[in-house]
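Each structure below appears as structure tokens.
Common to both upcoming complexes is chain A, partnered first by chain B, then by chain C.
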Partner chain A sequence: MWPYLFALPFILSYAAFQLYPVLYSFYLSLSDWNGIGEKTFVGLRNYVDLLTKDPLFYKSLWNTLIMMAMFIPITLILGLLLAYWTFQLTRGRKFFQTVNVLPYITTPVAIGFIFSYLFDWQTGLINLIFVKLGLMQEGFYWLQDPWTSRAVIALMVVWRNLGYFMVIFMAGMTAVPQDVYEAAKVDGSTGFHTFRHITMPLLRNISVFLIVTSVINGLQLFDEPKLLYGGWSGSVQVGGPDNTALTVIWKFVDESFISNTRFGYASAIAYTLFVLIVFFSIISYRLSAQKEDKR
Partner chain B sequence: MKKLMWVCLILISILSLFPFYMMIVMSTYFNEDLFKGIPLLPSDYLFENLKTVFKSDFLRVYGNSLVVSITSVALALFTSTLIGYAIAKFKFRGRNFLQIFVILTMMVPTQVGLIGYIIEMRHIGVGNTLWPIIFVWMAFPFGAFFMIQFMRDAVPNDLLECARIDGCSEPGILLRIVLPIIKPGLATMATMVFLWSWNNYLLPLVTINKSDWFTLPLFISNLGMVHRTDYAARMAALAMTTVPVLILFILGSRTFMKGLTAGAVKG
Partner chain C sequence: MKTIGVKKWATMLASLSLLTVSLAACGSNNNNAAPSATTSAGASPSASQAASANPNDLSGTVKVWDWDETFQKGMIPEFNKKYPNIKVEVTVVNPNDYLQKLQSGIASGSDVPDIILGESAYRGKLFDLGVLDNLEGAPYNFDKSSVLDYTVPYLQNSKGELIAIDQAITPAGFAYRRDLAKEYWGTDDPAELEKLISSWDAFIAKGQELKEKSGGKVLMFPGLGDAYIVLRGQNFNSYVNGTDVDLTSKLQKPLETLFKMRDAGILGKNELWTPAWSASMAKGQFMFYPMGPWGPKWHISANDPEGSGKWGLVKAPEGGFTRGGTAIGIYKDSKVKEAAWAFMQFAYLSDEGSAYNFKTFGNMTSSKAFYENEKALIEAPGAYDEFFGGQNLAKYFMENIVPDMKGEAQSKYDSVVDSVFNALYPLWTKDTSITADAALQKFITEVKNKATEATVK
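== the complex of A and B ==
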């Protein structure tokens, strides 16, 4: 009797606060509803409209994927390098670890503010420094150019997650038994060779974990772009310049709570994204785990 | 090679810290002086900026954020510990099913049910309050999973058997024997939940539009629209939001690193 009683609070709260909303959203995605009036059942029309009549949805998905293609490889490679370097230190390991994790635990609002200040056209530090050094004649509109705006968002994500990746990789390196390294040393393997042929293959599982989770989180990117364009200047520009920074979740939130109250349609976006997340995480799992078989 | 490595490490660490430094330096400037040059060294206006911040609702909002985060931690720990204990330490029908259930719950992103959740909250009459951003933590799948794993490794079965033979009641065993053993796990999970709820932006953004119930992230992102755009004061507010958390983190970094790596190394 006791174990059931112990499991009950979790199960009940899950049913009430997560399962029910998920099912209810699915029902909403099949209806046309603005939150106040009558709900009308429209079947799959929301999904059909979303996939055939809404170029902005494809654009938001495209933006999200581009930004992911920018930040996932960079964080992965830099994180691995950082972890590898720090792991070899005899002193200061803890220090570098702590310092680099600080961005990860900072509230995204702060990150959005600081970055929109740094890259501001007129008063931003980056432009001031570049002009002062004579690298540029006048400031560059970082946040109004389609490609640099995406790059700045990717940079924010890299800056935030790098320390996290590093810590995870280091945890993996600690888990590798020390005698493996000893044995490699005896056999004359050094530096880069050890890294390439011993450390990296042993970190495969961790890399798969990091890739899959960052694909899942990347598809849900929202805080960084939203705060970059809603922070410093006080202007509320949905989607950034010409919607080049609009992500899927941003579009979802905008359709449902900010510019519109199209609850049915927005629920359809959420479910479509859910399917995409499942799809992309399976693909990224397959791709990253496949390499293991080849070895 | 060794030198290059050090240079890179130090450079990246500086880049990690630089935005924090800018935040603190900028909060010491008089707003209009911020744009006269490159503000790299601290100035002397910090006290005035702090005054501006405290004249607004800052303290109240800080209180809101504390209430939300502390309650969320308490609730999440409560439900996760109980189900973790049940699955890790009891044999009963449906146990495997429950375990699979917990793993499945981890895979559904919360955004999928966001609209349904908010409508539900409005229906039960807590729409525009702090409750919706607390309730989401009541069933925290990752926490339940973490507790199952942690109990399995940390709590010895023999100890529980002994207590049972001595006639200790089941809730008594949990309270007097299990809880003291799993303290490190509880601490790890508490720091994680505290941090995530403290930094959460999306959910408060879509649930709360009454400034009385703003949490810190929401308050700061709205600060500029109410007052004259006082960037320096905003930076001061930001610094006061982030710095305590950073200090807390540095003090408890051992516990915390364990939490960060908990999901990864096993999976």
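== the complex of A and C ==
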């Protein structure tokens, strides 16, 4: 009886704040509701509409996957290199660690403001520099081109998460026993060879963790695109140019609060995304942890 | 044995205290909700007692969500001079989050204001939710013929019930730069300018002339968004009937004129509300900015604080339009309806409240009586007249712009149409090979994508 009693506080608060909302939103996804009027039970109609009649949903999913394909590999590779480099430093290590983690703890609104100002068409710093250097005749409209808009969002994510990846990798490196390195040194391994054959394999578990969590977080991408397109000001352009920056969560928010007030339909989006997240995390786990199984 | 017993007791005590803490945490939500419910319930009997004329008899606490804290801070003390027993509580809510916050409040049954504001961006959606009381019914018995006729459609839901009053009227014309008009067109007199830009064709021709004379330094509007606000606003026809959305009749002509302007090169490349757009007002790169009576305070003087005397107001080619505007209604389950209505009437309709509102903020009431009873006030210099080169703004709005205005029915699809426009016009700015026709087709497709249940043409 004691274990149950001790677990009870957690179970109760979990049930109230996690389990109940989760179950309730599933029930919502089966109804038609604007948040205020009568709820009507519509069965699976929301799901059927979403999967058969909503081209924007597929587009938003596609956009999200493209942006993930841009930022996950870059953050992983850069994070690992940066961690390796910082780890070797004898002086100023703390300083570099702190500097690199700063973006991660910066307020997202500030990041949105900084980037939309940097990449503004008419007054952005990037365009000003390019034009001054004579690399361009006229500024480029970064935020209204399908590919550069996604690239800028990916850049925001990389910039923000790089420090976090670095810290996690460094934690992993600290855990690698020094005698392995010494043995490698005795055997004549140096520099990149050591990195490739000692550091990287021993960090596999860390990498798997980072890949799987960034797939989960990546599918929920929302802050960066939303803030880039005026989340900090009065004007809100939902989805970026021709919806090329619309992510699944942004679509979800738009359906429930911005363009429409279809809470039921939005819950169906949330549940579909949940299934997709489970699916993609299993795939990413299988792919990244594969080698370990073979060995 | 003894020690085990003590341990057992200790664990039991610990777990019990943990349990109570967690239960208390769960319970506190209910506890929070309860007192507020009782206070408002307690207030209601005293509020409903008083349909009588004596303002002292009305009491209660009225909750308002507003983004304009300055307005409420000024207006509430004025109101309390007449109604000392009504307490008005203001919560500052950003207009961008307003509807979302309201929906969550109503859905969860927690915190809902008695007085609800509907900004033009989400007004149609708010009206469609069915949360506002019909003001023509008891206990309000509002007479819609007491407000300017053109405003009535902006206050009605799709069933034709009048469910809100106007915070202030928002007929709009153009704010223009007097210095630039004088330099390039030889006059900064509004009456002369009206003649120069009497039609959109004349406007475009003048724009090309301006561009040539200034060597491309000065253009007519900062961007496509500004021009569209005017063109769309001038078409007052209703385009929604049930779930039939007729975009072609609504937008074809505005888009054609818009693209004509873009191709003539008289529009800038700024997006609405961006830092560059705001900064352009002080820089003198553009001649015109669409502006309603709230514009001098919120737009022009806010973005060009040094610009006093440099600005003027002129009517748009081919007629007036509305810009922005906030509808104010009462929550249908409010417990203090009379008190809330007393505040709304005082602040937005009564002669006293309107006079204070006009003198302090430049806001113009929708009440017809005010313009009859307070003629002297309108004639006297207003809060921002000096900023606009001594032009009497209120008089110009009332005499030159309001008379030929019509109202436009509100619809829940308005916000979808707006958000589609916001997503598309930067592309039209960037890619000048897109034609008006292609733009309209794309517009229709996008609205269809977002309003799946509607028939869009």
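Going forward, the second predicted complex is superposed on the first by the 279 of 295 C-alpha atoms of A that agree within 3 Å, B and C clash if a C-alpha of one lies under 4 Å from a C-alpha of the other, contacts with A are read in each partner's own complex, and residues count from 1 in each chain.
Convention: a contact is a pair of C-beta atoms (placed from the backbone, for glycine too) under 8 Å apart; a residue touches a chain by one contact, two chains touch by 3 or more.
This one's a predicted model, so the numbers in the text were calculated from it and none came from an experiment.
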item	value
Superposed partners chain B and chain C on chain A - clash or fit	clash
First (chain B), second (chain C), both or neither touched by A:P3	first
Which of chain B and chain C A:Y117 touches, first, second, both or neither	both
Chain B versus chain C as contact partner of A:L162, first or second or both or neither	first
First (chain B), second (chain C), both or neither touched by A:I105	first
Chain B versus chain C, judged by how many residues of chain A each one touches	B
First, second, both or neither for A:Y271, with chain B first and chain C second	first
Chain B versus chain C as contact partner of A:F222, first or second or both or neither	first
Partner chain in contact with A:G172 - chain B first, chain C second, else both or neither	first
Touched partner set for A:W85, first chain B, second chain C, both or neither	first
Partner chain(s) touched by A:L287 [first = chain B, second = chain C, both, neither]	neither
Among 7-15, 61-69, 151-159 or 205-213 on chain B, the segment whose C-alpha atoms clash with chain C after superposition	205-213
Set of chain A residues, in rising order, touched by both chain B and chain C	2, 6, 8-9, 13, 16, 35, 117, 122-123, 230, 234, 257, 263
Of all residues in chain A, those that touch chain B in their complex	2-4, 6-11, 13-14, 16-18, 20-25, 27-28, 35, 78, 81-82, 85-86, 88, 94, 96-115, 117-118, 122-123, 125, 128-129, 132, 159, 162-164, 167-168, 171-172, 175, 191, 205-206, 209-210, 216, 220, 222-223, 226-227, 230-232, 234, 249, 252-253, 256-257, 263, 266-267, 270-271, 273-274, 277
Touch list for chain B against partner chain A, complex	1, 5, 8-9, 12-13, 15-17, 19-20, 22-23, 26, 34-35, 38, 78-80, 82-83, 85-87, 90, 92, 94-95, 98, 105, 108-120, 135-136, 138-139, 141, 144, 170, 174, 195, 198-199, 201-202, 205-206, 216-217, 220-221, 224-225, 229, 231, 234-235, 238, 241-242, 245-246, 249-250, 253, 257, 260-261, 263-265, 267
Chain A partner contacts - residues on chain C that touch it in the complex	11, 15, 18-19, 21-23, 25-26, 95-96, 99-100, 103-104, 106-107, 125, 129-131, 269-276, 279, 415-416, 419, 422-424, 426-427, 429-430, 446, 449-452
Residues of chain A that touch chain C when the two form their complex	2, 5-6, 8-9, 12-13, 16, 34-37, 49, 53-56, 117, 120-123, 141, 143-145, 230, 233-243, 254, 257-261, 263
